[in-house]
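Structure, as structure tokens:
Chain lettering (A, B, C and D) follows the sequence in which the chains are written, and residue indices restart at 1 in each chain.
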Amino acid sequence: MSSDGAGPGGPASGGGLLAPVWAGTRAEAVTADAAWLRAMLEAEAALARAQARLGLIPSEAAAAIDRAAATLVIDPAGLAKRARQSANPVVPLVSDLRQAVPGAAAFVHRGATSQDILDSAAMLVATRAVRGIVSDLSGIMRDLGTLAERHRDTVMAARTLGQQAVPTTFGLKAAGWLAGLMHARVRLRELRLPAQLGGAAGTLAAFTELAASHASGGQALALDLVELFAEEIGLAAPPAPWHAERSPVTELGAALVGTARALGKPAVDIILMAQTEVGEVAESSSGGSSAMPQKRNPALSVLVRSASFQVPAYAQVLGQVGEHERAAGAWQAEWLPLREALRLTGGAAETAAELVAGLRVFPERMRANAELTGGRLVAERLSAHLGPDELKRILAAEGPPQVAAELLDPGAYLGAAPDLVDRILATYREQP
Amino acid sequence: MSSDGAGPGGPASGGGLLAPVWAGTRAEAVTADAAWLRAMLEAEAALARAQARLGLIPSEAAAAIDRAAATLVIDPAGLAKRARQSANPVVPLVSDLRQAVPGAAAFVHRGATSQDILDSAAMLVATRAVRGIVSDLSGIMRDLGTLAERHRDTVMAARTLGQQAVPTTFGLKAAGWLAGLMHARVRLRELRLPAQLGGAAGTLAAFTELAASHASGGQALALDLVELFAEEIGLAAPPAPWHAERSPVTELGAALVGTARALGKPAVDIILMAQTEVGEVAESSSGGSSAMPQKRNPALSVLVRSASFQVPAYAQVLGQVGEHERAAGAWQAEWLPLREALRLTGGAAETAAELVAGLRVFPERMRANAELTGGRLVAERLSAHLGPDELKRILAAEGPPQVAAELLDPGAYLGAAPDLVDRILATYREQP
Amino acid sequence: MSSDGAGPGGPASGGGLLAPVWAGTRAEAVTADAAWLRAMLEAEAALARAQARLGLIPSEAAAAIDRAAATLVIDPAGLAKRARQSANPVVPLVSDLRQAVPGAAAFVHRGATSQDILDSAAMLVATRAVRGIVSDLSGIMRDLGTLAERHRDTVMAARTLGQQAVPTTFGLKAAGWLAGLMHARVRLRELRLPAQLGGAAGTLAAFTELAASHASGGQALALDLVELFAEEIGLAAPPAPWHAERSPVTELGAALVGTARALGKPAVDIILMAQTEVGEVAESSSGGSSAMPQKRNPALSVLVRSASFQVPAYAQVLGQVGEHERAAGAWQAEWLPLREALRLTGGAAETAAELVAGLRVFPERMRANAELTGGRLVAERLSAHLGPDELKRILAAEGPPQVAAELLDPGAYLGAAPDLVDRILATYREQP
Amino acid sequence: MSSDGAGPGGPASGGGLLAPVWAGTRAEAVTADAAWLRAMLEAEAALARAQARLGLIPSEAAAAIDRAAATLVIDPAGLAKRARQSANPVVPLVSDLRQAVPGAAAFVHRGATSQDILDSAAMLVATRAVRGIVSDLSGIMRDLGTLAERHRDTVMAARTLGQQAVPTTFGLKAAGWLAGLMHARVRLRELRLPAQLGGAAGTLAAFTELAASHASGGQALALDLVELFAEEIGLAAPPAPWHAERSPVTELGAALVGTARALGKPAVDIILMAQTEVGEVAESSSGGSSAMPQKRNPALSVLVRSASFQVPAYAQVLGQVGEHERAAGAWQAEWLPLREALRLTGGAAETAAELVAGLRVFPERMRANAELTGGRLVAERLSAHLGPDELKRILAAEGPPQVAAELLDPGAYLGAAPDLVDRILATYREQP
């Protein structure tokens, strides 16, 4: 251990120590360096297979590349250092892959550019991470649906600007969280993350040249290659190369921001409802404190919220405008925040699933809080019944307002809350 | 004039002096304080009309409110000051509107909350601004389509990381800009900006109470009211009140970011192509300089780009997670950046329309630049033909490479560029 | 009124309607379009005076320019539109100023570039806005000092992650707010906002040429001119032109972010303490609600917090890296967010001053809340006295812990809170 | 390898594969998980030593803790997972440390809270990372000083908005980069990163209680402990606990943003000057391309710029306003972006050092470009000599302007550029 705290050997430089929200989650695994490396190799293999299908390279070469890509073991840290010289990790990766297939080296990465491989790999990693997120969202939504239904009529105080406003039900609050997540899930499912294949600068020139001798002609075959490549790698076929048209990245980022916020909403509300003075909910296995033995920290909510603070910041770096046919900096700046946005959102989803599944709800505290102000929670109702002047007189007096008890019951002023719960649940159940 | 530069009277505090990109544009007008005020009044009028249609308030009252809302003249600066006490401008606005309809005062804003009016007004303003943006985008796209077609085969150097890479055509570059804008326009058109109506805390309680005496029952009628209100104001009917579920705002922001970037892309490329040493394009009425009489600044591109730098920052403030049924700060923080994101994007669209319509293209400079490196622009091709070792030998020699002139012609190595232009144009023409 | 809500004439496009936090404040006035215009004219006048002092232009010309700059009336909206052609408002401003001094037109803006004038004006506007902010901060700090002293020993529950943790005093909480503001004020006072003068591209070429015939020689005199210009305009003399070295802008932004957050901290805490269920503080003239007559919204806190959400986002646009000797977009993108960051911070300061001056504190509620958990607030203390196992046993039992009442008194476990108050107040009083 | 690309075992989840700018740099090592863990253990050890110095715990216990902290081997990934339950990694760390010192377990972490340890560790990690950055900056500045001196009079075109404007020298450009870095280094050196010690909620309660039996009294001794702890850990003593007053974090972030931008400025200019059509500089070992053998990519500049795009986004998450005595989310959100901002800035500094040390400068291309427009580069000068009308006539004519050749020489219109170089270098040499 040197004097500045640096480890002696290759540092495990960025594990989850500082991000308990995704530490040990599936999102960490599918976005790790190893998973990105694997995805880049899959992109190279898919390209070779697609080219072989069109007769552009020998089938045997494609098979060899495919095998090597599936089994090649590369040290990510070593490769990362070698990536500095070319400002991207694909150059050394291609070199390693070529060495692994001596007889087919010339057919590796044929006609492609680094960005083809890296962008396609990024979309592959994103597809897998998003799939996990959607699955976690679905679990959370199921549990929220149950909560909403069970507490359809559970009276609690709605709060605006931190102040008790009018009665609502906990079911409607849970249904509101559900509505936000429905929205987020739709956005995630609508994503059609595209493969990227354009060659050196998006003209498919080397592919066209390669295909020139073919009967069907160069340009058309090059366009076919893009389709086949997308098919082989399992991504959407792009309308055109998008090396310099970054809306797929911008939109992926926007969908993650939407999701992180939709997850953050219950987290914020739960933190507030779990306050000592409010006590309406608690996390099931609430977090301990290193100093205070009695504390029941809303640890999972805090983790989810920590992610919802970060994702928008990282997403802002995604899809920035770059120069000409490949950006000098803006593209290279996308990789890290994309990974982080994916795994923070994924970790937040997995954490929120645990949070919601174990949420403990205390209806009696909700009711007690709703009655805390002696009827002032239904002042809007009283105002309509008594008129504002009479109401003012009544509210100014000490003690509970002197009106019919029935008028004061928060449970008798729920408005359309139960119907809104039903409506949101119906929409939810209609979603595929 | 006081010693600190403050004007003596009410300041015209935020005109376009610091934002020439939108100064005097339609986007400025439709997002001005006066336009927001008008939209809030329209929301109040639409609410009254919807309530009258359901028989919840007298038709005469609704008519009076409608008339007053259409004609009431309010000083925005004065109202803004009065808004400080309640932290939103709707409270004093309602007060003014009530004063304007003495006989119907009790029917103004009946059962609504400030957020209903402000959120609905924001969506109304946004709808109008977005409509203008879409219209400008369509004009730009038409012009880019023409450019792409005309320059389908105009040879130029593609550039990656600032370096000439391989040949491309200016048509493909223009088609790439078009592709980005197509994407942005789809997103803008897909927006279904919803009306907001929930009452004090999203339960529709006061509306339900108001409707309780009706045959069709309270809750159902309250839900009907939301639909009618949306119809009257001309916005989408929301699946549920979204006072605390801000995805409509997040997604509006994301669509504006996507648009600002899609507009920024041609701006960046034009600035680079217009560099003195490159000289491939020029703005028609290029900007003068206060110091250098010879300079031809790409002023319009610079303005567009200034917007594309700002919009993502403002949009980040939109749709943040808030507390409970109304956020204490996060909601109030949305108004200003929403306006700014709308008018910067709108100004950028109007400015880009002017830019693209007047763009001067110099094909001969493009060709000359593509030939600047004596054939090195087609090194990828040479490498495929000659092998990397022979190529290295040739490139190392002084002067132009000693190979068949035909091999060196950048125009003979365009790959699928022309086909890609056709494909993008075909997709564009299929868009409604 | 057209169908899209746009006013018929020139719109008052950006008043405070959407920003009650600064509507009608001094910060609005000193950052208004008119104030920026005035500052640009002051910059032109200061340049002329400085040049006259060095004998570079006739004194009569400088005097004429000075007079015209002080009196010229310009319509900001009209100028803004004319600014589009050159992508900055200085070009048309110089034109107007030249017309106003027919005899001295050739001496207006002599050797300067637009950025000299705009950057200097921005620093002038910022200086004035910052002066007001510092003054407001000082008032807030005085009031917080009083609060901290008065409530040095007022027992309340400290809360971490929303949970009651251990006892503290309200005095320490107020002193903590004060500490944050002290920090922010130091940063603001340390700012040495510089004048900018570099000529066309920062080489002072035209000034040097102008001075070439002088005995003292061209270069030295040009450097002298920069000093004199700074003196005349009342800004710091820059070590070198900073047209392309934007740290003054980055640091101004950082100081504003720090201030906005230091103001946001009491706002957040007050919102939480004012919650209906907590009730430990209230705003003096708490905000009304358009729907709920009983509500006492923490309106001023909400306004302050709305600013603290926005300033960091806008500040991010300030000081971005630009190209060569003047950025094509990044510089032009600074103007609007700089104005907004200044006036949001200024408005927040003025609003927070009102908030703190009128804050109502309820010590009995603080004490009651601290005793709410029947002694669990001092579990840390009990743990030290009884050991963790015994404590666990005691806490698990129903009702208040069965230990000596004195041990349970939150007021007997304040730690160094009162001493920390004294220490912070002592530091505060030492600050100039 | 599972179907979604996740590795079978514990993933090395966040190495430098996606961040070649810091892969393998010292910045990676000093910010790795292992380094953070080490710093947390150092904080625990420093606390024990400080407490022993005051006689609050036995010296033998402190010695045992110190030894254990220095040698304990912990798997970061395992600890990270265990951190989820308490939402921070200190709780399981303390548990492990206690197990490692069976006889002194009760004296581990005595009276402290997790935030004390994590914040202090963060400042320790930051101190070390910043030290490395300052060292790299100093190397870069030395090299830029040499460049500035050597090219004090090397004529090149200054460019504004991408257009050639007037002549300047490459020395002044390099001196401008140096000026930015001087500024950044001052800010970094001014940082006084403080230790954090406050106990459960910043009142030092448990320390005070622990010290109560001592002659010198509880509160005073607790304050002494803070000083001693800071001394032992090697950080600045804080004026007061800053658990909820995050200016140290905000300012650290601001200093990193300033540095990342100061490093980004030469990167941007070098990318532009290295453009194929401009060719004024080249990186020494320019990056290869996976597709184009002839390309000489400005790889190091691109890496530096990729960092300068990211740091401001991450820094925005640092120092956000949190609730009460510990934020529920905002604090936990700081850890990851702080690490990333540190290592991106550090990686950028190390990369920029390599970039600047190897920069190749081509004065003849600079001169050639400056003469490209046949004298129009000195149009400002001509305008002063000939008047604007005559100039316009001359510039409108074909070919080079018909004026005395001497007037057209860009080298004769350098203004104060050489003097400015001298002045900046003088300031630089005065800096300690």
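One rule holds in what follows: a contact is a pair of C-beta atoms (placed from the backbone, for glycine too) under 8 Å apart; a residue touches a chain by one contact, two chains touch by 3 or more.
Since the structure is predicted, the reported quantities are computational estimates derived from the model, not experimental observations.
Colleague: Of the pairs A-B and B-D, which shows more C-beta pairs in contact?
Modeller: When the contacts at A-B and B-D are counted, A-B has more.
Colleague: Quick one: which chain's Cα centre is the longest way from chain C's?
Modeller: Greatest centre separation from chain C goes to chain A.
Colleague: Whole-Å distance, chain B centre to chain D centre, using C-alpha means?
Modeller: 34
Colleague: CA centre of chain A versus CA centre of chain B: separation in Å?
Modeller: The separation of the two C-alpha centroids amounts to 25 Å.
Colleague: Residues touching two or more other chains, restricted to chain C: which are they?
Modeller: 87, 113, 159-162, 165-166, 199-200, 206, 267-268, 271-272, 287, 289, 291-292, 297-299, 302, 305, 308, 313, 316, 320, 328, 380, in rising order.
Colleague: In the complex formed with chain D, which residues of chain B make contact?
Modeller: Per the stated touch rule, the residues are 157, 159-166, 271-272, 274-278, 289, 291-299, 302, 369, 372-373, 376, 379-380, 383, 388, 391-392, 395.
Colleague: Quick check: in the complex, which residue numbers of chain B touch chain A?
Modeller: Chain B residues touching chain A: 87, 113, 158-162, 165-168, 172, 175-176, 179-180, 183-184, 187, 199-210, 218-220, 222-223, 239-242, 244-247, 250-251, 254, 257-258, 261-262, 264-265, 267-269, 272, 305, 308, 312-313, 316, 319-328, 380-381, 384, 413-420, 423-424, 427.
Colleague: If we count contacts the way the header does, which residues on chain A are in touch with chain D in the complex?
Modeller: Residue list for chain A touching chain D: 1, 4-7, 11-21, 23-24, 26, 28-39, 42, 70, 76-77, 79-81, 83-91, 94, 109, 111-114, 124-125, 128, 131-132, 199-200, 206, 267-268, 271, 285, 287-292, 297-303, 305-310, 313-314, 316-317, 320, 328-330, 332-333, 335-337, 339-340, 343-344, 351.
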